[in-house]
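Worksheet: one structure, shown below.
Chain nomenclature is as follows: A, B, C, D, E and F, assigned in order of appearance, with residue numbering initiated at 1 for each chain independently.
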Amino acid sequence: MLSTLIELQRLKRLDRTGWTLRGLPNGTESVASHSFGVSVTAMLLADKCAAQGVAVDVEKVLRIALLHDWAEVRVGDMPRTATLYFGSDARKQAETTAFLDVVDMVDADGSYAELYSDYERRESLEARLVKAADVLDLLIQVYALERAGARGLDEFWEVAEKPDFNLDGTAEQIVQELLDSILKARSELHNNG
Amino acid sequence: MLSTLIELQRLKRLDRTGWTLRGLPNGTESVASHSFGVSVTAMLLADKCAAQGVAVDVEKVLRIALLHDWAEVRVGDMPRTATLYFGSDARKQAETTAFLDVVDMVDADGSYAELYSDYERRESLEARLVKAADVLDLLIQVYALERAGARGLDEFWEVAEKPDFNLDGTAEQIVQELLDSILKARSELHNNG
Amino acid sequence: MLSTLIELQRLKRLDRTGWTLRGLPNGTESVASHSFGVSVTAMLLADKCAAQGVAVDVEKVLRIALLHDWAEVRVGDMPRTATLYFGSDARKQAETTAFLDVVDMVDADGSYAELYSDYERRESLEARLVKAADVLDLLIQVYALERAGARGLDEFWEVAEKPDFNLDGTAEQIVQELLDSILKARSELHNNG
Amino acid sequence: MLSTLIELQRLKRLDRTGWTLRGLPNGTESVASHSFGVSVTAMLLADKCAAQGVAVDVEKVLRIALLHDWAEVRVGDMPRTATLYFGSDARKQAETTAFLDVVDMVDADGSYAELYSDYERRESLEARLVKAADVLDLLIQVYALERAGARGLDEFWEVAEKPDFNLDGTAEQIVQELLDSILKARSELHNNG
Amino acid sequence: MLSTLIELQRLKRLDRTGWTLRGLPNGTESVASHSFGVSVTAMLLADKCAAQGVAVDVEKVLRIALLHDWAEVRVGDMPRTATLYFGSDARKQAETTAFLDVVDMVDADGSYAELYSDYERRESLEARLVKAADVLDLLIQVYALERAGARGLDEFWEVAEKPDFNLDGTAEQIVQELLDSILKARSELHNNG
Amino acid sequence: MLSTLIELQRLKRLDRTGWTLRGLPNGTESVASHSFGVSVTAMLLADKCAAQGVAVDVEKVLRIALLHDWAEVRVGDMPRTATLYFGSDARKQAETTAFLDVVDMVDADGSYAELYSDYERRESLEARLVKAADVLDLLIQVYALERAGARGLDEFWEVAEKPDFNLDGTAEQIVQELLDSILKARSELHNNG
């Protein structure tokens, strides 16, 4: 178990390249910090869903959120443009193989592999909620950076215009409400700035 | 929910003061990165416990691990010595009140407050497992820093000599095994260095 | 004397949490850098006071300015919100005890302790001038950060609106003049930005 | 031409992931800094080759050295392990396509594309000299980091044991001499440390 | 050769003081990163000149661009104001002597010294093109920083208003076109911001 | 007064080049942090001198310590080697002129200029004590960095072998005692490391 944990420590230092490539300082956000943000966002969303009667397995949500970026310890935090050049399928395959190698010593029953596969294919409601949390944590980070003076991050907001999280009913509504409140906060920020 | 998430974003940038006070560079580890490390460590420990027949609520473990440091967004990451001057009780009380204020808008049923209170008092097995993960992630971080050349961190290892996690049976054994393997890795590091 | 100086070295690396909690990069300002700014500001203010006939002990001003943040090496740079949760009295008491421990080996005659106590209670004119310099250096730092593009620091300016430095006569006037010129510079910055 | 230059500015901030993944601070070395180091090393090597009668086109050497990492502005600085998962061919193909897109507006006659292709295939002596400089600058950086206290970088030295630069005659000898002097310096460093 | 390369490694970490003195974070741009930017800009400019019939020795351009800042490894990156106090001649003389010492072991035939002298006196077309690239890379960096939110950098644009690169004909036109496109991009940035 | 204070803010961000040129991370120590260290060291030394009967003007000591590096805001933190190339006299003259310009608006009676001139010529006991504090703070910083794992800083200790502070009697003894205790601490560090 130790060698796995030592390797995952590396995510604490690995910069999210989206920021440094746009001229923000090194150390703006690590992959580990982002994973924390996604996990917390996913927990709040899932708990709200559950409170409103959606049948959601919160434990599964938290597991997926915590492990969804582990492959980056071997593949790195690839910029979006990298996916264009490698192709989405090649990236998924490489990350999946990397993930399997990372968890090799701690996944005797294959349950982490299964959760990862679920996330990559957005099969379950839980996987789709984590994907929504992944995007929402990104947007809240962009908002926080813009509030602190950063500029040049407009392209991140394009994804927010017509998100496709493949959710429906109450879950979709809860995610959309949070997204709307982010967009409203950003709009107020720029009206006052 | 948004204002809570915006506030928790701040943990991504807040430095763990233990490192900067010992002369390591700013940005060595954020509170959010540490929370990620604790959550992952706790998940692996809890899953191993469950696999060996211990009755442990993994969802509860993950929830506690994710939220156990949220109060720091208002109180800061206090150095150990600060606790000496404020007193352990005053610190606990301040952090508990801060935690309640942080979750005020998202904890309608008081379940986050209950988990936090459980953790502060180390009541349940799950709370005690998270506390063990908190210490183990710290030691793995120290090990990783020492492997990269850092020195002057000996005092962190003192806690490892006679840990008091108040666990027993299989859970204690699993935690002790991980602790032993960390100590062995460190010993090898210094014999080879 | 050496162990005291080694401990105080730590202030060179300790981040002022006010900036990192608002999303500015780690390393924006250390406690030692701030203490330097306060000391310089206090010297200029005190010299101007003296030049205009105010009876002020400049040596005492400089001593207080240099030592007023030494307790932070043990207690950390607590965010404002932390004081709310611990209470102002508890914070003062903790910091005073920490200060006494820090200077234990170099304060045979208790003169540092006396200066610290004076500062904490804002007893003398000199202590009140240092407190004014503490706030003014903060505002000049905020101004410098805003000029370099930082945003989201509005709350720091609230203290500037109705400062209560408990000064009177010429000293009050000199401090107010500097404060007014900072506010004017900031106003021009935002009109031109 | 401007849009190309603006895009290449991003290499000044992009961290080389080899350092951050091994626990060194963010900002240890940017891709642009490394490209500078490779270019300078290549110039010195090529000039020495020319001085000893090797027929080498130094202009071509410098061009290749300056442009050999431009694809990283779109693909990122992939860690070594990433190549294992994507496969060496897929990586080369992705980087080549990315390179072509980067230079699209400034390469009317296709000469940059040709140089890049030459480098990727190590066809010319000039391309092979740049590859040697790429490795030598890496090793000198590792040496400099170790001299400043960094540890845990042993795996970088493995490549130095039996390098395969596919050079011969005088060129091979000149490169080997530099490599030997690096290994000797490192050996002395560790004997004295 | 090794000792020269080890010394030049230091340029990878040396901050350009222009940014830090204006309140931007440490690590904004190293001297090595800037030299890379100048070299790339110079290559694109020189290649365009050559394509349009200007007789330009591109190899010489690249050599000058790569080595023009080597003296800074001993003299540091002096702020503009420093030149005012030392005098332009004293600075040139100090940097020339420093440069000669830096290349002492690798410049048997004095060719690096000659290129440096040419650059310092802006004798050749190649030297003047590198000087233009030096300024243009600076402006593109300022533009990139402003696009990312930085402010307070207006003084850098003054040099752009009436540049004196001492070029004529096609070369002047090509440099001016790039300068104009930078100014246009900046103007659009501020109209949209 | 404000423009002077705004300019001096810049010392909070200006890196001491001694560290970055030796491969330590950006942000290791700012000029402002160092000035704080010198001022504190000078205060403790002067107070001990006074307690043992030396006639020393502590206010003067503190004033000199606080202002002795202000010229660097215009001239930069020149590396030691820079002095070799400019000459010690030219450097002193440039820094003196820069200092006079920095304090132009706040030094109506010329007292800051006089203190600076005293320091540059090491005339008074107070000036010589500050110079000793300048070196001692440097050595304590080196010690602290080495304790945290830094290496390659041996040349800084050479100055400690036969210091020439031009002090005598009790003052010399007090300074030498502190120096000896630093050397002893370092010796123990390396025996244990």
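General observations
Just so it is clear, a residue touches a chain if its C-beta (ideal position, glycine included) is under 8 Å from a C-beta of that chain, and two chains touch if they have at least 3 such contacts.
The model shown is predicted, which means the values in this text are computed figures rather than measured ones.
Hopping across touching chains, the smallest step count from chain A to chain F is 2. Common neighbours of chain D and chain E (chains touching each): A, F. Annotation: the C-E interface is duplicated by B-D among the options C-F, D-E or B-D, judged by over half of the residue-numbered contact pairs being identical. Centroids built from CA atoms put chain D at 33 Å from chain A. With centres defined as mean CA coordinates, chain C is found 40 Å away from chain A. Annotation for chain F: residues touching 2 or more other chains are 9-10, 22-27, 144, 149, 151. Judged by the touch criterion defined above, the protein chains form a pattern that is neither an open path, a ring nor a star, and not fully connected either.
All chain pairs in contact, by the document's touch criterion: A-B, A-C, A-D, A-E, B-C, B-D, B-F, C-E, C-F, D-E, D-F, E-F.
Residues 25, 27-28, 144-149, 193 of chain C are the ones touching chain E in the complex.
On chain A, the positions that touch chain B within their shared complex are 1-2, 4-6, 8-12, 26-27, 29-30, 32-37, 39-41, 43-45, 47-48, 51, 58-59, 62-63, 66-67, 106, 108-109, 111, 136-137, 140-141, 143-144, 178, 181-182, 185. Only residues 9-10, 13-15, 17, 20-27, 73-79, 81-82, 84-86, 90, 94-95, 97-98 of chain A touch chain D when the two sit together in their complex.
Here chain E touches chain C in the complex through residues 22-26, 149-152, going by the rule given at the top.
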